[in-house]
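Chain nomenclature is as follows: A, B, C and D, assigned in order of appearance, with residue numbering initiated at 1 for each chain independently.
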Amino acid sequence: MTLTGIAPTVFDELESAVRTYCRRFPTVFTKASGHHMWDEQGRVHVDLLAGAGSLNYGHNPAAIKAAVVDYLLDDGIVQGLDLHTSAKAEFLRRFREVVLAPRGLEYRIQFTGPTGANAVEAAFKTARRVTGRTDIVAFTGGFHGLSLGALAASATAFKRGAAGVPLSHVTRMPYEGFTGEGADTLDHLARFLDDPGSGVDLPAAFVVETVQGEGGLAAASPRWLRGLADLAAARGILLIVDDIQTGCGRTGTFFSFEEAGIVPDLVCLAKSISGLGLPMALVLIRPELDQLGPGEHSGTFRGNNLAFVAATAALDHWADPAFTTRLRDNATVLGGLLDELARTHARTGCAVRGRGMIRGLAFTDEGLAEKVSRAAFARRLLVETSGARGQVLKIMPPLAMDEDELRRAVAVLDDAIATAARGDGP
Amino acid sequence: MTLTGIAPTVFDELESAVRTYCRRFPTVFTKASGHHMWDEQGRVHVDLLAGAGSLNYGHNPAAIKAAVVDYLLDDGIVQGLDLHTSAKAEFLRRFREVVLAPRGLEYRIQFTGPTGANAVEAAFKTARRVTGRTDIVAFTGGFHGLSLGALAASATAFKRGAAGVPLSHVTRMPYEGFTGEGADTLDHLARFLDDPGSGVDLPAAFVVETVQGEGGLAAASPRWLRGLADLAAARGILLIVDDIQTGCGRTGTFFSFEEAGIVPDLVCLAKSISGLGLPMALVLIRPELDQLGPGEHSGTFRGNNLAFVAATAALDHWADPAFTTRLRDNATVLGGLLDELARTHARTGCAVRGRGMIRGLAFTDEGLAEKVSRAAFARRLLVETSGARGQVLKIMPPLAMDEDELRRAVAVLDDAIATAARGDGP
Amino acid sequence: MTLTGIAPTVFDELESAVRTYCRRFPTVFTKASGHHMWDEQGRVHVDLLAGAGSLNYGHNPAAIKAAVVDYLLDDGIVQGLDLHTSAKAEFLRRFREVVLAPRGLEYRIQFTGPTGANAVEAAFKTARRVTGRTDIVAFTGGFHGLSLGALAASATAFKRGAAGVPLSHVTRMPYEGFTGEGADTLDHLARFLDDPGSGVDLPAAFVVETVQGEGGLAAASPRWLRGLADLAAARGILLIVDDIQTGCGRTGTFFSFEEAGIVPDLVCLAKSISGLGLPMALVLIRPELDQLGPGEHSGTFRGNNLAFVAATAALDHWADPAFTTRLRDNATVLGGLLDELARTHARTGCAVRGRGMIRGLAFTDEGLAEKVSRAAFARRLLVETSGARGQVLKIMPPLAMDEDELRRAVAVLDDAIATAARGDGP
Amino acid sequence: MTLTGIAPTVFDELESAVRTYCRRFPTVFTKASGHHMWDEQGRVHVDLLAGAGSLNYGHNPAAIKAAVVDYLLDDGIVQGLDLHTSAKAEFLRRFREVVLAPRGLEYRIQFTGPTGANAVEAAFKTARRVTGRTDIVAFTGGFHGLSLGALAASATAFKRGAAGVPLSHVTRMPYEGFTGEGADTLDHLARFLDDPGSGVDLPAAFVVETVQGEGGLAAASPRWLRGLADLAAARGILLIVDDIQTGCGRTGTFFSFEEAGIVPDLVCLAKSISGLGLPMALVLIRPELDQLGPGEHSGTFRGNNLAFVAATAALDHWADPAFTTRLRDNATVLGGLLDELARTHARTGCAVRGRGMIRGLAFTDEGLAEKVSRAAFARRLLVETSGARGQVLKIMPPLAMDEDELRRAVAVLDDAIATAARGDGP
């Protein structure tokens, strides 16, 4: 029996109209491993979505999966609220050992509700508590989640329009490059902050992504990030890096801000932190800013211990030089391949965006990315679009994807672009 | 090697000060099964927390765990965004078959970010979109989550104070009983809604819990709930039942509003929906209200397929008459035991709250619940407090707990109350 | 030449559709004296509008007018910002001498922009500054002005709907009597304030009218006002009495709260304070609460010195026992006449509202007040309606109106009610 | 008897600490005529404050004063709510005849509460009603009043800080020149409006001053204003010109936007509209936007008929070519004198700001303006500062001041600058 004829009916009949990825990739998926996903027809697809950044190690990485299965079989605690558990203890120690200590970082770790949005909401609470101020400066193109506090900081008009209430307590400033090549967006920001007649109230914090995963893959330069950090520090404004999509290695280092050499006051992590795509989110907090009292921010599933077990196993990657070397190499290879693609399709105005393993292709015709995505799906390559107008093709392979596989995937993309640019159907 | 000496250090050194349950129950838990939790010293505790309502079937129920392990071993999709997956299809069909169809309910199902708060945020968006209005009427004692939109509807001063911004777009009305025995809170509400000089704007929706799990276990009567539903319907106001803690059988039926015989416009479910304590949340929406467009509310982990697999297995309970019979019996037994407890400790003013398997004990001395909780922990019984002042002891056993075990647990509680009431230490 | 044929055209062609009194009383007025107004046809009307409470001493009272004319002829300063002027000095001294000192009151006086709404906005700023809290508790039926801060505290749905944005930072509570005879609205309020699980944040202030001039002439009892003041004092909440319409003698004493024997933290005055209907507004502030710094609230016309001159002259009334005696007598006479009216028209369910010289008549048929107003206008009696549904006839004679004239006016009203109740046209 | 010793005591004892002009100019003023003000010591001061722009025709202009006195003596209606009165009719006809018709403008006229802030609040309500949107774009350095709705649009940190609540529903954009010489602020604005990923919601309106009277006398170029008007029109955004301080001739023409050749959707007027410094404010509305219904915005003193009488008389100036010629000449003379001053004091970095008869002098040392103001007062010249840091000297003579007097006043200023720059005391 095949589910094909039945399952779509189930979704049509029962699932809310708000569903979206399934509309672009209309099939029913059954299994997945590494960068492959199988559907009910037994077709295999190459996955460059990486679960919107939550599958940096690919689907079902063996070691992580094994740790989780063993833990379950052993009746480990699955749901532990924020009780002390041995699973959490092991994660904390491993995270310090593999991530914090080698980078000379001292952070307190807050486990929040297991969504990126919840981590952002928690970070905002801390920033507002610590400073006694209300406003958050967020940037054009930024995306920080869809609960009301996080949504106020998210830039996409379409998402904002769903709030049903005006979104408050956020000041919008231009991200690097938003106002054109010549414009000095940091100088712009500084003028608003420093002039008591600017009409912009001193904010509690800046919240920034180093690469805008939903905002069209714009990437901030290290210089800009350093400038931003300096601006913040000099004015008693906290710097929150939303590393939910860009963290856990996506840009080539564990944190996306390492290249810039800055130390944010607060860092939000989620998506790939569990390594297996399990819901988990956390906020890193400079110790002196850890000022929310017991229970002031909570959430039932902040104690998703299955995710802690997976996350502890996932951290092994960061103790393994082979992994980090492969990641660095892949980033170089992918960058090179995309540059080549851009040259090949120069007539489309193809421009490469992003950094490391989070990349985008923009085209002069803003509708082209959408067409390429559809053409790629016809070729069993899953690649989505990004940006408020869906104007940028978004490419996120597993971090340690085999290089040959990576080349093959880009070759399929090449073909899809050519087809879409010719105006042929998928 | 024992972790005892080490692990607390790890938490103290690394985990944010916001952690809270671990302060009341200061040990490190390692394993759990049914209503038992083991700690690093090998001690076994009886758990009446039920993961704040997310473990209605107890810890690690065998059938659910087995389904999850099998799925993992078979490389099922763990994280699927909102792609169609066979795991989701099976959950949808099973949910319709076991939950919706037998109750004559027609709902669309929206998978939201996997926290209750996110389901509430999504329900508010739909209510605001459908009505074009901004305000939500929430009730005294209500708890709906801690992201900014949900927090505005939550009543606890302590949690609200962490927002750092004024909380808007919510009007507060008295829950049944809040203003005293005689007061007609529905009449009160109707006056505010119907008088154009009341100063209360017509709301988009009411959001209500049938039993206030965080708000001291106040329980609304079926009559009150019907009156509320009628008030809403007559005025084009949507009725949202937040069944996050009270749903999935906690009050004795799958939905907590079944006894009242009402059909809410929107229902939020989370906590126990996955059956294993895995993060999962959803909103049930009357089909004609399903008006958010593709992607208007999204979230990476709304595709937690491991939870779908668990949830599908968990629904088997609701097709099993033995389970529902046991649940009903347990509710009767627990009610009887607690009534007896109240009589025994009449001098403490002990009063029974709640309904079904979500129960509370209030005392004249509001600090007593806290002391009882500590005394119970010393007896290896995990029982927490509820209410903005922690004034009510909250009792949530697994739904199908063995009756003898239930009696033993209440006997320990009896002893703990006696000790606490005497003013002895734990 | 008569303006009759021309002037209405001018209004139709040029004046905004937002105009409203002129629609109910469609003629062009030219002159006025005492309780009389003349129109272009030379008809004389009896005015029971009192300029919505800004003409307590009638139109163009001779002594006040003379003072203003003399001051103008003498090139006194008309507009003085908040510079020290001799006109302001004289007002301050006279206000202390005649109003504050005899009542044992110590207040600082803030001259605000010359509208009641601006005084309310200023009082809210002080309350928020002093307490560090954001919310204001306002009451059902309350009216405090239409600028955004004041409008949030105003209750009428129709006025609120014009804001175009959600109105925030105000909590609405029932005014005495709103929830029915038996309901204890102070107990209700106290429960919300004292229960940390009520969901109502501790407010900066209560803002209250002792008689609701726009809200249907509901009058709070002295007992209720004292209870409210006690509630506020015990919780560090400031009490703002909005005495804009009820102050300056309207209820029988200079301040409307004198009968209750309370001393508000802040008092807003406007409307009749200048005595001539000139724009002027002020806030009285307990000295220790006078915490806004130089210029933190300002406004060009807060220095309307012509109004100070008029106001100084107007205060002579309060040093004149004949005036206060007449006022008291008139209040008694008016009350008696209206009680008689109510008996006469018992079949309409006519009920007397208000207090002193600010009175209302409510009818079972809520549309009747409107019809009476139109019938009265046909009889050259100007009397308006109040309440969010225009359901109460509002009667505000000059305070010291001649008793016979008062009787004649009520006789006309009697006739108008009879006609309207019979369903005849005006 | 001199009041000197007494009056200050009265102010100290009774007037709120919020008073501000009197601190800079510490004397008690008694009389005023033209550009002269007398104090209690009989000293005469030259007034370049012009009542913060409300005395464009000087103090007590004879013809206006005479009209007002005659009206009073004749028992004209002083306070008329928004009843039709002959005084209002005459103003409307005269305003059409002298102001609207000659400029080919068609506007409806809304009389609002008699403060500029109230006119701004009313304009915002109309803009939000017409567009169904909530946000207003306001500019750096802008000042629009201090009631909550207007304050949200005002830029000065010090004034905003007095709100006590976060200020919402306003988006701040750079005024011409704010981000430096080279920056194209209109292009900047357009990018935010046109990119659905900018995070700035489409606004209901822009609100702009052509010269920023409180914001340091920055003046927008005609080109910039035209660009702004085009931006608005192309996107269905309303353009509100706040001409409260710059209107009524202050920049050299009746409306300050005439030079730019634009026709705003809404215009706010107040300050000098009555000509005598009496409180009066209005909004001009394009007829098709006049969508507030009867009474949706109201206010007791919108019927200040004394101001209508004065305003009608004041409009005679605009029918008198001698006045407009003198105004133009004065603007030229003043500009020349200030340019000369700037050259003389080039060492202070003195730079001329503003346009027409609303002028500023900025200095390299931002504290110098304050010192000059004090030195000028010692020389009996009243001149204030502007800008959020008080960094610009603000010069506003009566529009038709005698040229020789103007030269004398600037000579005194010259001396004051020299003294202040030397660092000598006043």
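The rule we apply is simple: a residue touches a chain if its C-beta (ideal position, glycine included) is under 8 Å from a C-beta of that chain, and two chains touch if they have at least 3 such contacts.
These numbers come from a predicted model, not from an experiment.
Participant: Between B-D, B-C or A-B, which shows the same interface as A-D, counting it as a repeat when over half of the contact pairs match?
Facilitator: More than half of its contact pairs match A-D, so it is B-C.
Participant: Could you find the chain whose CA centre sits the greatest distance from that of chain D?
Facilitator: The chain farthest from chain D, judged by C-alpha centres, is B.
Participant: Quick check: more C-beta contact pairs at A-C or at C-D?
Facilitator: By number of C-beta pairs in contact, C-D is the larger.
Participant: Give, as an integer number of Å, the spacing between the C-alpha centres of chain C and chain A.
Facilitator: 58
Participant: Using mean CA coordinates as chain centres, what's the gap between chain C and chain D in Å?
Facilitator: 30
Participant: Find every residue in chain B that makes contact with two or more other chains and list them.
Facilitator: Correct list: 134, 158, 165-166, 168-169.
Participant: Considering the complex alone, what residue numbers of chain A touch chain C?
Facilitator: Residue list for chain A touching chain C: 165-166.
Participant: Could you pull out which chain D residues touch chain A in their complex?
Facilitator: Interface residues on the chain D side: 134-135, 138-142, 153-158, 160, 166-172, 174, 178-180, 182-183, 187-188, 191-192, 195-202, 215-216, 387-389.
Participant: Chain A touches which residues of chain B in the complex?
Facilitator: 3, 6-8, 10-11, 14-23, 25-33, 37, 40, 49, 51-55, 59-60, 65, 68-69, 72-86, 88-89, 92-93, 95-96, 108-111, 113-118, 121-122, 124-125, 127-129, 134, 145-150, 152, 158-159, 161-165, 168-169, 204, 270-271, 276-279, 283, 285, 290-301, 303-304, 306
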